[in-house]
Amino acid sequence: MKKHIFLTSFVFAFIAEITMLVIFAVQKTGNWQDSVMVNEIVQSVKENWDKIEDYKDSTGISYTVIDNGGTVLYRTGAGLSESINEAVIHRDTILNIEKDGIIAGKVIIYNNSAQEIKLWKHKVFTVMLAAVFVQFIICLVYIIYLEYIIIRPFYKMKSFAERIAGGNLDIPLEMDRHNLFGAFTESFDIMRAELKRAQAAEAEANASKKELVAKLSHDIKTPVASIKAASELGAALAGNDSVRESYLQIEHKADQINTLVNNLFTATLEELKQLSVAPCDIESRELKEMLEGSDYLHYADIPVIPECILYADKLRLQQVFDNIFSNSYKYVNTKIDVNVLMEEGRLKIIIEDYGGGVSEEELPFLKDKFRRGGNVKDIEGAGLGLYISDYFMREMKGGLVVGNGENGLEVTVVIPLSGGI
Amino acid sequence: MEEILLKTEKLSKSFSSGGTLQHVLKNIDLELYKGSFTVIMGASGAGKSTLLYALSGMDTPSLGKITFGDEVISGLTPDKLAVFRRRHCGFVFQQIYLFEGMSVMDNVLSTGLLVNKDKKGIIKRAKELFRAVDIPEETQQKFPSQISGGEAQRAGIVRALINSPEILFADEPTGALNSKTGLDVLDTFTKFNEQGQSIVMVTHDMRSARRGDRILYLKDGMVLGECNLGKYRHGDGERHKKLSIFLTEMGW
Amino acid sequence: MKKYFLIARSNLCRTKGQTAATAVLVFIAALMLNLWLMLSMDYKGNFGRYHDKLNAGHVTLAVESNDDKVKNFIKKTLDNDKNTTQYCIDDAFVNGVSFAYNGGEITTSFIFLNKKTAINRTVERIEIVEDSSYKSGIYLPVLYSIDKNIKPGKKISLKIGNITADYTICGFTNCIMAGSHNCVMCTALFTDDKYKELEEKEWSHKAFFTSVRIKDKTESEDFEASLKNSITSKYPGIDTVSNSYTLVSSSRYISQMICSGIICAMAFMVAFIAFVVISSNVINYIRENMKNIGVLKAGGYESRQIICALLIQFLEVTLVTAAAGAGFSYCLFPYINTMMASQTGIPYKIKFLPLPFLLAVAFIEGTVFAAVWFSSHRIKKIEPVVAIRQGIQTHNFKRNHIPLENTHMPLNIALALKTTFSGIKQNIIVCITMLLLSLVLVFSGLMIVNVILDMEPFIQMVVGETADSSISVTSDSSEKFLQIMEEDKRVEKVYLYHTVETRHSGGAVLMATLSDDFSKLNNQNICIKGRFPKYDNETAVAAKYAKEKDLKIGGEITLEADGKEEEYIISGFTQISNNLGKDCLLTRDGYKRMAGLANESYSVNLKNGTDIDKFNKEIADKIGNGVQSVNIKAVIDGSATVYVSLMAIIVAAIIILSLIVIIFVMYLLVRTMLNNKKRDYGIMKAVGFTTGQLMFQTAASFMPAVIISTAAGITISSFIINPLVALFLNGIGIVKCTFKVSALFNIVAGTGLVVFTFLAVCLLSFKIRKNAPRELMAGE
């Protein structure tokens, strides 16, 4: 880099010198005369001819004015040619002054080319000297520069080379995502993730189909029981045998249906046990959305949930909340209190309604299969919700506690913190 | 009871990659004490560095709270965090990360002058620190690319300590060094710790971990266990033994 | 081939922003280039096409006479002349006419022709471009139709000599050689009745309107001179008005010339900046992608293929944008055409011009090709193994600039300066851009100060001498006139300023301006070298003409008037663009050596607030016959507003363009810088620098280069701008410009430019915000 600077400046200096030489060679030396000035002299002398003694020069050129007799009428200074002959010897310019068509006198313009040549030489000498000096300085600077840049560092370099030899060159080649195929591999990754999700969705759909079957089969049992009771009554009141036989047949078949439904229910429920619960890390702030989603009637004020990472299956947890809230809507339909408690690596969500709760005897069985509380009345249901919810929560290494609170039934959903256990 | 310098509550950090959320740190409750030399260990990807950067305000946690002294630093704006960092934290990186375009001295001063306008004081402190880490005057004027890795890392330590930070954070400081120069760097750490400097260091190197007086073992973004080596003197065989047992327990 | 596209596409996707910015530069360059090519290649060609279409003459001459002998003499002369191919002589009237136009006044020689005669001429046919149902009135050149008050059906009052007559405007004509006040004379056609009225009332002088076509049109000026010479030698004292192809073809296209000159300069400037920017883009691309290139090479790609991919990448995008830019210029062309039409007065129909389009696109493509080709050659030097191992080669630092230990500067500024010193390439681009833009700025300043805010300097330069009023009296009544002037208190200054025609023996017709004392002139800048003539054997000639004829100060020139030749010493060079650089100055006594004066025109300076028109009328009434006066101020206002509005538009356009260019160049530089310094910014953020501080550092790091180059640019430009403008205006006889360079404006504009750049960089570097220290942990 520095070498370039030196070379270019050197070349520049050289070119400058050559250019100057060429200019000096080509340029015309002071061997010409400013004819406009000369004309001015002639014209002004002519104008002032009659009063030549008062005449003052305004051009700065050296000249003498003589009359026809050779008398000097005016001169700008001493040492000028003062007669025609002197002027001829000195190669001066001699011009006539015409006055009314007659030559009245002459102007002798002093030839100062010798002086100009001298000036010229001086100028050339100064310029060339300056150029050579500049070149000399450039060289000198370069030599000093070389001393600093090559000779001194040369000794330093020896040790430097050793260090380079020992330096590490094994930075591993890593293909970052900015490379050519980065975007391509990334989309592959996305594709894989999508497939995974689709699979999960399918399994979930299957599971919920089975849940439906279980629920349906349970619901079928109620009308079948009514049919049985009605046919029993019919048989008792029947007038003749054939009618009674028919009623008994109905009752028998109803029993058969009941057994079949029971079988179906048990079978699906067994399968339901395999309902997958896949907990993973979720952020606690997601709970708020889930609770709000379940409480679609907005009976509860969802409190602030402390920030933490929970270990739960988002889908199942949502189902648990859905179940709790829909039960409350179904059976008591009151305001709901929701409280959140952080405790020993667990997050407790306490949900309580204002329905007065259930009797102490019933409490232990609420989570049992097909168990429905005393306040069921005509409300449809399978008595299955809490059972499955409890199962889900246990699978998540959490729990579901049902009890009577101050105002009504209190359900506590216990969710473990990630890494809390 | 030791004085608590830094405290986290349910600190969590998540990253989204390819559309799914990945939780790197989960519910970390941690207290760091003044004057302690805390070492964070764990397998690759356990979240060691993430924890370090979250603690140091280099990165904002997704959830949870970090308290430094009385100040809650989680939730500060990036610029306020930057001001926090320059006042209270020092950093030593695995890749050293000196500014390539500045001399070693300027690397240190550029950080020092950021906080303190007293230039003479800063230069004096820099010189003291350089002496402490055994970097001669001559090296101070060189460029990072002209000095050895060990020297560079020690210069990095000087830069980290120039503002007398409350905590020095070190992310695998010996990771890119060979064993001898690594040892020098570790000695430097021990020396400053003995003078009362709080240090938090991430490493997966047992030799480095031995320097700490409190070892935290991280797994899957959680603190799996911790081991207190404070009662053993440095260089004691027991120290090594206890650490080995702890690490074996943790599944190292 | 597919492979190239693969690489090119993926590169394009990753550098969207840069590509877009380069595309904009290319777009602008192509736009301007195409405009320039259209203007210079076809716009003036339009003149030639119309000239051929109307079989227009090369020399036009109106001889004021009603003597058929004169007519016959002209015929005979032309018949005998070998050079003449075709001619046409018609009876007409000629007179100096003035009328209101564009808020001012136009005064020029009008040739009145009978409509029937005019539209059937064999040479110099006059075309009617806009007609109406009015059967009695006047047809004016189409140029004047831009004035709102000059429309068919409206009345126009013409001041013919001392008579004012109102005519209904019937329509507009297109006359090539006499269709604008810029071509010495102007034709107006009368319907039969009005023509007869003019003839009967003897308002105007009879004349013979002659249009001649000659073999070699380049000799039109010499032909004009010799023809006039032969007429005046035969009939001394006869008045003639004439022009030539050379004069008309350039005088009608002055604004086109100025405009295309500026557009051309801007086009090449933007193209040059695009060249520099693309080169640096490619160099950066190579630096950033050292590893990838290494991998490609290791995978068997040849350097040639990688370079080809780069070429395709850039050429593809620029081809589209250049074509779009060139295409877009057709949207702007109509506006430019409208601006031009007010000066040329020749209708121009816009059509697609394939050649300029292709040339513009080809030039841009060539520039881009060269930029990519030259800067991508270093790819050949990359060794795959080295590239893969080392990736980006870190800068080799040699010196610790601005050691913090010793500096007294604030930290952020010191750090910014460190950055400045480490990025020489950026600085060079900044410098080049700023140097060019400051030239543009100084030019704009020059135009604003000298044309838009105060058009006096512009007028003085273009028109030469200006006064408030010009009054022409017969030589007999000049003494009486001067006495009246002396007594009138409104008069500040009165001096002879009379223009007569002379010929340079063996050269062209020179308009000689006579004065008793040239030191009385308002504009002493007319003489640009040497001095004004003082004695009767001295003259000053137009610098442009002197250059053409190789005349020197101090040399001799033979002038000729009324058939008498005299020799004069050249005392100086002048520039007056009135006659496009064909004039000379003589003292009254000097002219008298050749011929006498029948009329004398005096320029009069009046006290501020004097009603010039009223004054003129009073003087005319006092003196009586033979007085003709012109309100010069009004005339200038009329013709100069066109230039002022043209300049205002040009200045606005180039300032906006400059700002756009700055933004895009800075965008590219800042992007590159952010990319290159990603790691450093990460560390800085880690150790506690805020986004604001880093933005300031980035912006400040550009500032030394910006400030130095802007200051240098403005200083240098201030000195070279006048010669540069003179170069542009050389065509209208301007050799030396003496525009006022406003230091205040330049300082303000330069500061503005620097501040604008600073703010732009701050804004552009806002991206740093996203650069989180976390990215340092990428290696985890």
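Brief remarks on what is shown
First chain written, first letter: the chains are A, B and C, and each begins at residue 1.
Throughout what follows, a contact is a pair of C-beta atoms (placed from the backbone, for glycine too) under 8 Å apart; a residue touches a chain by one contact, two chains touch by 3 or more.
Keep in mind that this is a model prediction, so the values were computed, not measured.
Of all chains displayed, A has the C-alpha centre closest to the centre of the whole protein C-alpha set. Of all chains, the one whose CA centroid is most distant from that of subunit C is B. Rounded to whole angstrom units, the spacing between the C-alpha centres of subunit A and subunit C is 46.
Measuring from the averaged C-alpha position of subunit A to that of subunit B gives a distance of 28 Å.
Computed from the mean C-alpha positions, the centre of subunit B lies at a distance of 68 Å from the centre of subunit C. Not a single residue position of subunit A touches two or more of the other chains. Partner subunit C is touched in their complex by these residues of subunit A: 32-36, 39-40, 43, 169, 171, 173, 176, 178-180, 183.
Within the complex, the subunit B residues that touch subunit A are 10, 12, 14, 18-21, 23, 26-27, 62-65, 146, 148-149, 220-223.
Against subunit B, the residues of subunit A that register as touching in their complex are 160, 163, 168, 186, 189-190, 193, 281, 283-285, 306-309, 417-420. Taken in their complex, subunit C has these residues touching subunit B: 394-397, 400, 403-405, 411, 415, 418-419, 422, 679-680, 682-692, 769, 772-774, 776-777, 779-780.
For subunit C in complex with subunit A, the residues that touch the partner chain are 7, 10, 13-14, 291-292, 295, 388-391, 530-531, 534-535, 537-538, 553-555, 569-572, 778.
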